[in-house]
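Here come two complexes built around chain A, the first alongside chain B, the second alongside chain C.
Our next item is the complex of A and B:
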């Protein structure tokens, strides 16, 4: 094992230890467990955006749509179909992922700015649907009347609703599972091909790689991850509202990814930590928090386009 | 419903749609100018619209409505010019992601700044009485102000197209849309051209703000609802074609007007359906050329 690999393992161990012990060290810094769950879920969202943006080089600026669809899918399932947390998560991921797969097929031939513009616009469709169809979605007031359900096992059950800490661990396990899938896809030949498309699409095409198919699959996977994160987010809040589908949330996810470092696997999580904690803090101390966030975004774009982790010396792997 | 009543309703909504469509087109052409020459999706376009409206509100006591209508868009353009010089210019040649994010952040700052300066509550913006009266009782919905809006849009857009076609700068802007590198190699100052072009785009946003303020009143978030239709107008009309953008704006205006008759709750969604159909059948947009920003 080389020194680089050892250091990498040490960092990984530190990250997971920090995540595992979060309910115990966060209160020392004025945090609370529910904030931890929120950061994890939004971080998962940012990593899903980055799966597409950072590793395939495709800019979707409408990913909140899939996030929100996941949230509504989960909430509506819990409310009307069956009171089961895993069922809600599964339904949310499927709703958002399938919708993403269908629209993705329309989008894959567009690139760059054009792709971004079309994804923004399409994302807003679902926003309007959630907003208008108030008999089902609750409209502007949001979807209420559902709550996360206890997990039933053979011998015992775990209460997720009233115990923030056990819910945090539930979120962490889901988070870890999705990350494992994501990482193994990125390490697979398919993941390498995604990176090849990012680096040089024309060369990849000359090598006979079906670019559109790859981008469509990457887009669809990213939508599934995103929708799963959204479903988790519905559980975090026991609530879903149209703003979860709005393009400004899509922008927040992209900013998290960029802030943390979009060419890195862990960057978006770090970006989410910074962004969510900062937003939480700023909105509690000043009414002008939007200006602060706006200035922060401008500064990052101008001066730190590679993000926090982009400042570190890169390991020489693709 | 009697057939004639139905007909009148359809006529009402088509006219309405055309008026709204003209307005979308004004927004979208400004966006399109900037997108074509600079490759920037200006998320802050709605923000500049708000600035234009509020500046007109502030100027009206001093200059009157007509003075404000003339001056406010110029001031907005000036702000746009400064923003391009100070911020956006630095991002040319980088991944379009960054200019998109920058204008996204700008939109935040503008919305919050507007709230700070003019207050969070909506403000009334009164237009001259001469413009508010309906033209006739039969066509009560065509108020003088709406006609005035459409006429203004028609004149400004017409003028813009003439300038783009027959002036040296206009030709350079159009040439730059197709191949900026060659234009630069021919000795044109591309930096100045882009600044000017950006300012013109923002001028249109400012003008749209004044016009919208007169129709709907002023609110710090009034640009939000107008931004998406403008995006869609561009995609439907075809990226790279200003005529396409104009056509796209009018088309989605009429489409949402007609849907409002038949299926009111879908009038918002129908423009997205139109975009989906266009992307399926003619991905480059109605008047777009394949290969532009694909």
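Our next item is the complex of A and C:
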């Protein structure tokens, strides 16, 4: 094992230890467990955006659409179909993922700014549907009247609703499972074709890779991850509202990814930690919290153009 | 057998006809050089053959199969590979990673979520073979973007080779190279042609390279086919001398 690999393993172990012990060390710094759950879920969203942005080189500026669809899919399922947390998550991921797959097929020929604009437009369509269709979605007031359900096992059940710590661990397990899938895709031959497209689309095409098909698959996968994160977010809040579909949230995810380092796997999570914790702290101090985050973003982009994690020397996979 | 059979190929950009009515045939195992002054339509001709864009008129047959309207990536699947005038590689990846992507795609693994141990070992062997061929073995872990121009060119050529093509299109392989680099690339191309039995079509400005390598030469001028023949015939051709060789001297 090389020194680089050893250091990489040490960093990984530290990250997972910090995540596993978060409910115990966070209160020491004035944090609370629900904030930890929120960071994980929004971090997962930012990593899903980055799956496309950082690893395929495709910028979606409307990914909140799939996040919000996941949230509504989960909430509506819990409210009207069946009171089961896993069922809600599954339904949310499917609703957002399938919608993403269908609309993605219309997108794959667009590139760069055009791609970003069309994704914003799609996102806003869903935003206005959720906003206007009050009888189902609750409109501007958001969707209420559902709550995360206990997990039932043979011999015992786990209460997720009133016990923040057990819910945090539930979110952490979901988060880890999605990350494992994401990481294994990125390390696969398919994942390497994504990198090829990011690095040089023309070369990739003339290696015999059908670019549109591969971008569509990457987009669809990213939508499924995103929708799953959205479904988890509905459980975090026991609530879904149209702002979860809005392009300003899409922008937040992109900011998290860019701040943390979009060429890195873990960068967007770090970006989410910075963004969500600052937002939580600043918004209790001032209503103008966004201007402080704005200044921070400018500083990070000026001084760390590749994001905070982009500063670390990259591990070479040989 | 004919690898490439092109009939009356024409490409218009607005009112400008970049390629006009070109017909030519390339036999199996042949090394064909395409030459001509700047703006003669050589690169446009390559872009039509490789499928970067569709012709306005005419047809292209590859291994007796009509590929005129076929998307570029499918032509690659049939065994046609190309390089570009300005090197097209994956600059932020290492030499190894560049070659690995191609070998995986060439082996039909591009949609695979994982590979078995034997598949990985086979690929590794293939990658090492290719690196050796281009004398890049000691630069495996270098980022391609940081390599010397000649090594980047060589990387692009072996990436094309990794696709196991039977027709290789090289667009000015020695462009921007010094004498030593030109010599090395020329020898590499010659090995591919003589030992690898590859059919090669190359665009080239350096006449030493053209006359050293080519079995036959096609001369384009202002989008038209001006002449075609063996190097000896082309050197003696008066129209060519007027349009091109005379100009260069």
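Throughout what follows, the second predicted complex is superposed on the first by the 313 of 318 C-alpha atoms of A that agree within 3 Å, B and C clash if a C-alpha of one lies under 4 Å from a C-alpha of the other, contacts with A are read in each partner's own complex, and residues count from 1 in each chain.
Please note the rule applied: contacts are C-beta pairs under 8 Å (C-beta built on N, C-alpha and C of every residue); 3 or more make two chains touch, one makes a residue touch a chain.
Just so it is clear, the structure is predicted and the values come from calculations on it, not from any experiment.
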If we overlay the two complexes on their shared chain A, which of chain B and chain C does A:5 touch? Say first, second, both or neither.
neither
By the touch definition at the top of the document, which applies to A:122: first (chain B), second (chain C), both, or neither?
first
Give one of first, second, both or neither to describe whether A:106 is in contact with chain B, with chain C, with both, or with none.
first
Given the touch rule stated above, what does A:301 touch, chain B (first), chain C (second), both, or neither?
first
Does the superposition put A:132 against chain B (first), chain C (second), both, or neither?
first
Per residue count on chain A, the busier partner among chain B and chain C is B
If you stack the two complexes on chain A, which partner ends up touching A:157: first (chain B), second (chain C), both, or neither?
neither
Which holds for A:205: it touches chain B only (first), chain C only (second), both, or neither?
second
Looking at chain A, which of its residues have contacts with both chain B and chain C?
none
For the chain B and chain A complex, residues of the former touching the latter:
35, 39, 41, 43, 87, 90-91, 94-98, 100-102, 104-109, 111-113, 116, 228, 231-232, 234-235, 239, 265, 268-269, 272, 275-276, 279-280, 283, 293-294
In their shared complex, chain B is touched by residues of chain A numbered 53, 59, 61, 106-107, 109-114, 116-118, 120-122, 124-125, 128-129, 132-133, 247-248, 251, 254-255, 258, 288, 290-291, 293-298, 300-302, 305
In the complex, chain A touches chain C at residues 184-185, 188-190, 192-193, 195-196, 199-200, 202-203, 205-211, 214, 217, 316-318
Touching chain A in the complex: which residues of chain C?
50, 52, 71-74, 76-77, 81-82, 84, 88-94, 96-97, 100-102, 104-106, 109-115, 140-141, 159, 163
